[in-house]
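Two complexes, one shared chain (chain A), two partners (chain B, chain C).
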Partner chain A sequence: MMLGPSAMSGAALGAGLSLPAPLRGVVLARDCLEAEAGWLLVHLLKAELTQSGNGAAALPAGTLSPAHRRLVLLAAAQAASHYAAVLRKAGLNLPSLVAAGRLNLVELLPAAAGPGALPSLRDVHALLAAACSGDGGAGSSSSICLVVDDLTALHCLASNAADWSAFLHACTAVGQAPGCAFVGLAHGDVPDDERWLARLEAAAALVLEAEPLDCGPSADATGCLAVSVRDVGRGGDGSAPAGGAAEACAPGMRSYCYRLAETGASFVEQTV
Partner chain B sequence: MRQGSFVRKGAAPAADPGTRPGLHGQTLLSLGQADLDRLLGGGLPLGALLLLLDDGWSGHAATLLRYFLAEGAACGQSLLLAAAPAPAGGLPAFVPPQLKRGSAVDKDEEGGEEHVGRLAVLSLGSLGWQATPQPGTGVFSSGGGSASGGGTGASAGTAVLRTLLQLKGTLRDRRCAAVVSVPAMLFSPSDLARMQHLADGVVALESVADGSDIARLAPDPASVAGLLHLRKPPALGTTSRPAPDVALHLVRHRRRRLAITPVEIDPDAEVADAEATSGAGRSAASALCGGPPKPHGGALDF
Partner chain C sequence: MELSLRILREGRAEPGAPAPLLVLRHSLAAAGGAVLLRHALSELAAAVASGRAQAAALLVVALERPAAAYPQQVTTLPTPSLAVLDGFTDAHGWGSLLGPCGSGSSGTDSSGSAAPASTVVRLPGLLAAAGGMQQLQTAVAAALAGLAQPVAVIFDSLSPLVDAAGAPAVAQLLHSLAAHPAASCLLAGLHADLHAAHEVGALEALAAGTLAATPAGDLERRVCAAAAGGAAPQGRLTARLRRRSGRVRCEVRLYRVTASGAVTFMEPPAEPAAGAPAAAAAADTAAAAAAAAAAGPLASQMAGGMKLGLSAEEEEARRRVQLPFEHQGQRDAYQAGDWRDYLPPEAGGRGLPGHGASVAAAAAGGRLQQQQQHQQAAAGPATTAAPAAAAAGGTAARQHQQAASLGRILYRQEQEQEQQQLQQQPQQQQQPQSQPQPQPQSQPQPQPQPQPKQDLLGVLLEAAGTPAGAAGGLTSELAASFCAVFDTLRPDQQAAKEMRLRLFVRRGLPGHAAREMRNALQRAGLA
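On to the complex of A and B.
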């Protein structure tokens, strides 16, 4: 196995990582305890928020362009302060983004700490539906990018398997709508979750799997990222990606070594 | 001579006793055991939940919880201990002597600064916490302790997961930290995996058999009391989790206190063990060169 040069394309998110952009359909991010992929969600969030080229600048209220997708982040495992800290290191200001309507953050932990029972999946679904529909004001977009962190934590709120299947179906339905995407982080080292993970993977257009290195993390590499593109990056309207993004959208599997730093991750594509 | 242009306005705020500043803007809480603090990168961040997976034989989880509470009592911090059933010897024997005098009192005054607090949960999910069947229905529901149950049919593992989620929500953005011990042998591998993902930090404690290789080959084997595996260092507000240099450590009894040291192999003990296994006497060549030549003419191994 040789470490080859990175395959740069117009869809590169980090130094060397090529993914379809914008994300379409269902995207499954899978990790394990030895190689967590929470950083990958931050990576994808940053890519989604900087798609328009406005970078970290807070947009004045009411000037949301119809081309911008509504970004909804369901934080089930971490609090808003965690995302504020990590996004700040990535060059984004979370409070400004929320105030400008670019990002809608749905927090689960404050509701979990409140008096009474934990919120049910129906309650969570209602919160997500309200966040996805938005206020319908001027400039609001009908396209949605739903990011869930993480599905395994949400699973403990399910009262039964049917409840959980219905919730997953609702999330994947969002991702399969034209111009929309659903990004879900799940832990692949839970044996009992293999069944619904397999169903989710079958419906996914893009699967990102973080794996630990056999020799453990080193100074040059933290882990491996396997990228499986299962579908050509077409939106629900049948539009095909243009330009250099077509190469990144080609179905296939690619493997990268990634090195994590506080400001982000760098990638080197592995070539056999 | 002033080197820079920054001028401090007023005196720097004094750190709360028992806390220290950490990386990434975190405030770290001492766990009362210096070796464990060093292992976790200086301490437990405020707002974090540390999970201790106990194999049920070592008993070191309870000892570490006592250290945690004792440190909080010594620093005058607010303490809360939840245990069901009561620890061996009763609760009075478990809590630090300072607590018996009532020196640690929660004085959360309105408008005042939030005090640093510590929450310790002993054996979450053990017999006293487990779900109890509803009479006549055969359906299990939550009962006892503070384990919050889900709806009808929630298993003990799901109840513990929900409790951890509630604890996490309680701790976040608050000036307190929690250490929760869970008897790992009571739960399925799936529930344990979910618990480890949910917690901010995970430490697994195992007992060591007297005749095991680690006990025989470690330096000072008489002091070896157990194994400690740092599976997940706590990290809040960071992109990358710090990777420990050594994940596996030995828990030792040294002069009536616990010590946590990295796993090391005594080379003399290893050689003696290898010779005892092979059954051969010690030749002059082995004494001088580290071993006789291999009978099959194998390649030199430096």
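On to the complex of A and C.
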């Protein structure tokens, strides 16, 4: 699978933030109570959905473009109306994306109609498998970008540690499939979740951690985002990213200050 | 890294020896651990393909990455020389979210023409099944039998197995594989942060070598970046390898992983010479002192600013200063626990007045004070030399006097306590002494010397007759010898010595009294 040069640019991900584009492998977004990263998930969603760009027309026939990579969003902490509202601000229409098969939203909250109605992880796994397989129609591909919001809420559905390990492994396997990605949001300040979070971080190729500023949020900066590239992402054919995203894909850690606004986030890289 | 790969290439030392195991430790803090394992796999595959390794084939057990990734990395291998056991795709038996198309075909298959023909054996439910380890062991044995032997076995990660079955089971698996006649060498990755230290240690104990990936230090990054023109290393790889001879060799390399996945190694910055910092500091001090000397006397004293060291003159002056009560052969008295035995009389102690420093300083201070007094009495008040001289040498004397006054205060306090105790028990002192009794009555105060001596001798002889005294080394001969020395002491020394001995005897410490007397005899040269 070859990706066009425009898709390699990290500019679509937000001014100043340099991330591997498109996202590959397992991406862990970790936040805490003082610095929530729900906005980051929306930020990545917007980047994924708007990354069709101008390069799609220049791609050789038979190759896949990021526009054809289906996005599966598992909403366990927010309702669909929330994503509809935030994506509308970015100029994206959620219903039309769903209708076009570009986005598949798996919503767990309406399923909880009453006490005892919470689905089990097995049920969630089945829902995700159905969403990832799609309808098999024209234009669909086997490349999936699975976004889970959020893993800490899903962990509550686990009846035992074995089930949770199996579910997490299934999501991780999606991320490590050729051309696929798995983005999971988790809260890093829950002591009971440290064990599986550490294993997920070990399997992650990219870790995004939102941290509060020492002095607290200010007018210029809301928080700090630590970007840690742990592994070199590779495409389905084993090709490595090239062009402007090469530096963003090199293992290492970079730190950014971010400022949240109504229309999105802006970033300023911190040089140590 | 080259030394580590050599161990893998060389394989078994002899047919009956176990296959060497190399463990690559990842950590969450160090980036690129998985890349290092892939690099080692690629190097080993190249060595196998070129015939530079003992192994003739590769067996990869995929537990952390998809099995499809590994044949693409070993494109240099001829066929059939690669087998992959896929324990990752459906490790818990829940099925893949991508369906059968995304997870690959079931059972055994061969990859496409882009990669060399290899055998991929799927092991669904490996981590969830109760007999997962046995299933894995069976699959490995079957794979080893189907490949050209000997075979290099690579585990991309042992952490899923440790989580599922525990470190002992994994150690048993590795041990059995190392003993397998078809295995040439073993290479395994392990996330050290995810497991207890004893589990990691148990697995490393089986290994012939350990590679630990840790983050590079900030100084190392800067130095290497400056030397390499901007390419800073990302991690530090420490190799501890046990050679066939039994020696353990340690090797440290810094590594850098590029965006393309290529790994480059670099030497860590050289350690500075042992004397280099001291020489550099001395040179800096000399230069600062020279510059300050040119600036003026005050600047030369400050030696150019915040000087934490001493100049040569200051060192010499410091060396010549004699501390008032430094150790000068009084170790025995010091260890007895009573500081009064160690300190000289000038400080309120009961030690010999043999301290050169204290005597010299006190004498100098005393002489200067006498000179000052004489000059003030004879020549009048205006004398500039005496105060100046006293200022020069009287500082030490004042210090001695201060210490001596404090010592005297404490000595006086204890003396008063002892006298009170003596007054409370007068009969115990007088009963065993029949002969000396009239002497103290006839001469109570003006001649204290014969009376205390007799009393003291009686006390010591009485104590020497007890079993405790005999056990403590207190004998009548020792008491008699001590009395001979006792008469040669000054009155203040006699009083002090007597009080101590009475105190030891009264408190049931005849051994201490015996040691006190022996010390006195040694000082007098009679021991």
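The criterion applied here is as follows: the second predicted complex is superposed on the first by the 242 of 272 C-alpha atoms of A that agree within 3 Å, B and C clash if a C-alpha of one lies under 4 Å from a C-alpha of the other, contacts with A are read in each partner's own complex, and residues count from 1 in each chain.
Everything that follows uses one rule, which is that a residue touches a chain if its C-beta (ideal position, glycine included) is under 8 Å from a C-beta of that chain, and two chains touch if they have at least 3 such contacts.
Since we're looking at a predicted model, the values are computed, not measured.
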When the two structures are superposed on chain A, do chain B and chain C clash or fit side by side?
-> fit
Please work out whether A:Asp192 is in contact with chain B alone, chain C alone, both, or neither, and reply first, second, both or neither.
-> first
Is A:Ser165 touching the first partner chain B, the second partner chain C, both, or neither of them?
-> second
For A:Leu109, decide between first (touching chain B), second (touching chain C), both and neither.
-> first
If you stack the two complexes on chain A, which partner ends up touching A:Ile144: first (chain B), second (chain C), both, or neither?
-> second
Chain B, chain C and vertex chain A (Cα centres) - angle in steps of 10° | 80
With the two complexes superposed on chain A, say which partner A:Glu36 touches: chain B (first), chain C (second), both, or neither.
-> first
Using the superposition on chain A described above, determine whether A:Ala177 touches chain B (first), chain C (second), both, or neither.
-> second
CA minimum distance (chain B, chain C), superposed complexes, angstrom | 19
Chain A - residues contacting chain C, complex = 122, 125, 128-129, 132-133, 142, 144, 146, 162, 165-167, 169-171, 173-174, 176-178, 180, 198-199, 201-203, 228-232, 234, 237-238, 240-241, 245-253
For chain A, which residues are in contact with chain B within the complex?
-> 33, 36, 39, 42, 77, 79, 81-82, 85-86, 89-90, 108-114, 117-118, 120, 150, 152-153, 155-157, 159-160, 187, 189-193, 216-217, 222, 260-265
Mind listing the chain C positions that touch chain A in their complex?
-> 26, 28, 31-35, 64-66, 68-69, 72-73, 88-99, 101-103, 114, 127-128, 159, 163, 191, 193-194, 234, 257-261
In the complex, chain B residues that touch chain A = 24-25, 148, 150-154, 158, 161-162, 165-166, 168-170, 172-173, 188-190, 193-194, 196-198, 202, 231-232, 236-241, 243
